[in-house]
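These are the structures in question, set out in turn.
Both complexes below contain chain A, partnered by chain B and then by chain C.
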Partner chain A sequence: MNDTQAPAIELRNLTKSYKDLNALDDISLSLEPGRIYGLLGRNGAGKTTLMTMLTGQGYPTSGEALIFGANPFEHDQTLARICFIRESQKYPDDFSPLQAFKAAALFFANWDQDLADSLAKDFALPLKRRIKKLSRGQLSAVGVIIGMAARAEITFFDEPYLGLDAVARQIFYDRLVEDFAHHPRTIVLSSHLIDEIANLLEHVVVIDKGRIMLNEDAESLRGSAVAVTGNAEKVEGFINGYEVLHRDSLGSLASVTIKARLTATQQEMAAELGLELSPVPLQQLVVRTTLAAQSREELTESQEALK
Partner chain B sequence: MSRVMNVARMQLINKWTFLGIPMVILVGSTALTIAIWAMIPKGGILVSGSSQAVVWYFLALGIQSLTLTFPFSQAMSVSRKTFYLGTLGLFATIALAYAVLYYVLGLIETATGGWGMGGQLFALGWISENNAGVQILFYFVIMVLLFMIGFWCATIYLRWKATGMLVLGIGVALLTLAWVGLMSMNHWWIPFWTWVGSATVLGLALSLGVLCVLLAGGSYLTLRRATA
Partner chain C sequence: MSMIDDSRPIFLQIAELIENDIVSGTIGEESQVPSTNEFAAYYRINPATAAKGINLLVERGILHKKRGIGMFVSTGARAQLLQTRRKDFQTQYIAPLAREAQKLGIGADELNAMIKQSLISELTEGSGIR
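What follows is the complex of A and B.
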């Protein structure tokens, strides 16, 4: 295998269709190993479908999903490097969390039982209760623990926080960062709660309606937009020519989010005009970008309809 | 290979499903039958089919081992092929163990004069007159057959849901109807029953064995593209 050159995750013109719906629409993507990725998007955007293709649990209609350059579908050597616990993961009816961990220890070569034990303690998970009797949050905890303790080379977390309370979610984020520091690997976190995980992410992929809307380094993404607030006329003058992501106004005041990296001179200019510049939270950025793309799409559609 | 073994070990993590429950059924049904025999008036040979009980449980086991464990095995990064081989391998081993156990119980039954009561539970006439190999093969094939039927039906349900079951049901009904029609129109019933009556245990075991292989192949092809 050609590990050093092959990206951890690669998609080539991947399409998955169900009857009349394209869940994934000609997606191409390449992600390098050893980072924490955020796979963001609305419910039904295609996040789970994408991870299903990448983990060999499903197969594409056309195109390729590759893990370290190999197709994971029915390929045990490649599958052994991945861990993917679904949000709606099913467990054998009569299994307890303890037994599920025992099974995981059989299949994941890097399984860390101590980590599993300590996480179970942190999440206050009843280890001997049958899984089907656990609450939604406890069920999520089982998936989170397996995903983390498996220490697979590529780990997918599918909305891992469902039903977890704020404390448990914080424990998950903290422990994930801590473990990642000691055991760097590729982690893909799928989520629609963007702000909560924004600090963890090194790279962001946003999908909507089966297509990639954004694929950018989190750091550069954070600096890629700015909110300009102040007198409406002055704001309009200042933002002239930039792509507008969002517009808010109240009386003579306006706040406009633009896609721009401002130079020092421009920042001074803004200050002289009495305009306030503020960073845009990742969540806002993702929401605005998605919505802006949608309205563009609708615009083209309506224009086409007029023709 | 070790992953195939691990699938078998995973199926055995809960010891009850594959090991405990069949044993309870076997011991329970046997004890119950003997208790009934002890209560009824003596006279002639007592025959019971209660030893079938475990065999029928294997039908349920075929369904369970797929519906309960397959989606979990996917999360354990196990390929469908490995899951299939590990599960069938484990089952074949258990079926073989039970087949040998049935044979041994049959020997004990004969030696003790039908559990001291002239009863027939395991050493059923038509089968027990054959040699050890044929008897064990016969029990083994019957158990595997029921397991495969359960396993395949569950796979069809997993892959095509209710539509799959409906098509399967209609398909089986149509095939049966066609077969009955064919037999009747050609007046093949009498030769058929003569053939059945003259069939040997070995012949029957072998023909059912072929059916097992077909079911196993069908299950694999169905599972190959199933999604949990």
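What follows is the complex of A and C.
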């Protein structure tokens, strides 16, 4: 099969409806292989539904979800290239982590037992305890280990850190960067702990209410917005003409987040006006962009209703 | 990691960190710089981003690749960086100074005298003479 040209992940006008609700609403997207993607959005935005379609665990109402150009649904060849770790991954009740790893080793052609062993040590995972006796964090560790040691061509992690404490999450991120550096592949990280993973991501896709809000390289997002704080009147004068993402005020003080890359001259001007400029972290940017898009949408809807 | 901030693309920050080490002499010419993967692991960033920062310096001739060994600081890199910074000095410091001077009606002669005076006091204070 010649699929070197096909994107790792492709969505063509994908819609998934449950009764009246469009969980995914006419989404089109194309992601090339060999990168770490962040799939971000609020709970209920459609992240899990999207990954379910892409891993052949459900089928679209209309449109297509393709993996390397092929429909994964009941397609063994394609399914063998994917690993999907769900937020609450289920295992047979009487399995131990050791048995779960053995089963995974049979399914995933690139399985790396040494990596699984060393990760298990890092997470201090009791390998012979039955999985149903594991703590929530240990259960998440089992999923993280399988997802990483599988070295699948495309790995989906759907909020894989439930119950993992800050230290264990850092171990996950560090080991992921390390392993990805030596074995580049396509990784989709779905998370709402955006600040924690922001620097790991090469590309960011934000969805909300089943639609794509943002689809951009993380590096071009960084520094694409700035928060201007100071005397409200001066702030308003300074930001005039820019797209406003967010507005906060406290008495005569205002803090307005605008979509802009300011030149050195503009920064100087802000300093002369006594305005403070501060960078906007990726998490803030995602939140602001999502909310700004929502309010725009509500505005158009109410305008249409008036017609 | 506090050395990486949100104000600008990370690859620019990585390139700047390496440049600073070269200008200060922390990394000597013809000595090896850490690999892409080492940068990625140390700063906890995407390896592709680290590579982009390093490649930027390769394009500018600051670093060069030795096949199968790694990345090295080029001979003359420090002089080149100093030259760039001198050039930036004009746009970053002198141009705003001139702009402000014009706004305040300070002429060239007066500005020259002021700069000279500041230079002298900087020199005497800096070297501890008198």
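To be clear about the criterion, the second predicted complex is superposed on the first by the 302 of 307 C-alpha atoms of A that agree within 3 Å, B and C clash if a C-alpha of one lies under 4 Å from a C-alpha of the other, contacts with A are read in each partner's own complex, and residues count from 1 in each chain.
FYI, a residue touches a chain if its C-beta (ideal position, glycine included) is under 8 Å from a C-beta of that chain, and two chains touch if they have at least 3 such contacts.
Everything numeric in this text was worked out from a predicted model, so none of it was measured.
Once the complexes are laid over each other on chain A, chain B and chain C both fit without any clash.
In the superposed model, the vertex angle chain B-chain A-chain C (Cα centres) comes to 150 degrees (nearest 10). The larger set of touched chain A residues comes from B, when the choice is between chain B and chain C. In the superposition on chain A, contact of A:35 is made with chain C only, not with chain B. When both complexes are overlaid on chain A, the residue A:202 reaches chain C alone and has no touch with chain B.
Contacts of A:138 after superposition on the shared chain: neither chain B nor chain C is touched. Looking at the shared chain after the overlay, A:191 reaches neither chain B nor chain C. Shared-chain residue A:52: touches chain B; no touch with chain C. Once chain A of one complex is fitted onto chain A of the other, the partner contacts of A:279 are limited to chain C, with no touch recorded for chain B. Legend: residue contacts after superposition of the two complexes on their common chain; A:155 is shown touching neither chain B nor chain C.
In the superposition on chain A, A:264 makes contact with chain C only, not with chain B.
No C-alpha atom of chain B lies closer than 26 Å to one of chain C in the superposed arrangement. Those residues of chain C that touch chain A in the complex are listed here as 1, 4-11, 36-37, 40-41, 43-49, 52, 91-92, 96. Those residues of chain A that touch chain C in the complex are listed here as 35-36, 173-174, 177-178, 180-182, 184, 199-202, 218-220, 222-223, 264-265, 268, 279-282. By the touch criterion given at the top, residues 52, 55-59, 74-76, 79-86, 89-95, 99-100, 102-104, 106-108, 146, 152 of chain A touch chain B in their complex. In the complex of the two chains, the chain B residues touching chain A come out as 3, 6, 9-10, 13-14, 16-17, 68-69, 71-72, 74-82, 224-225, 227-228.
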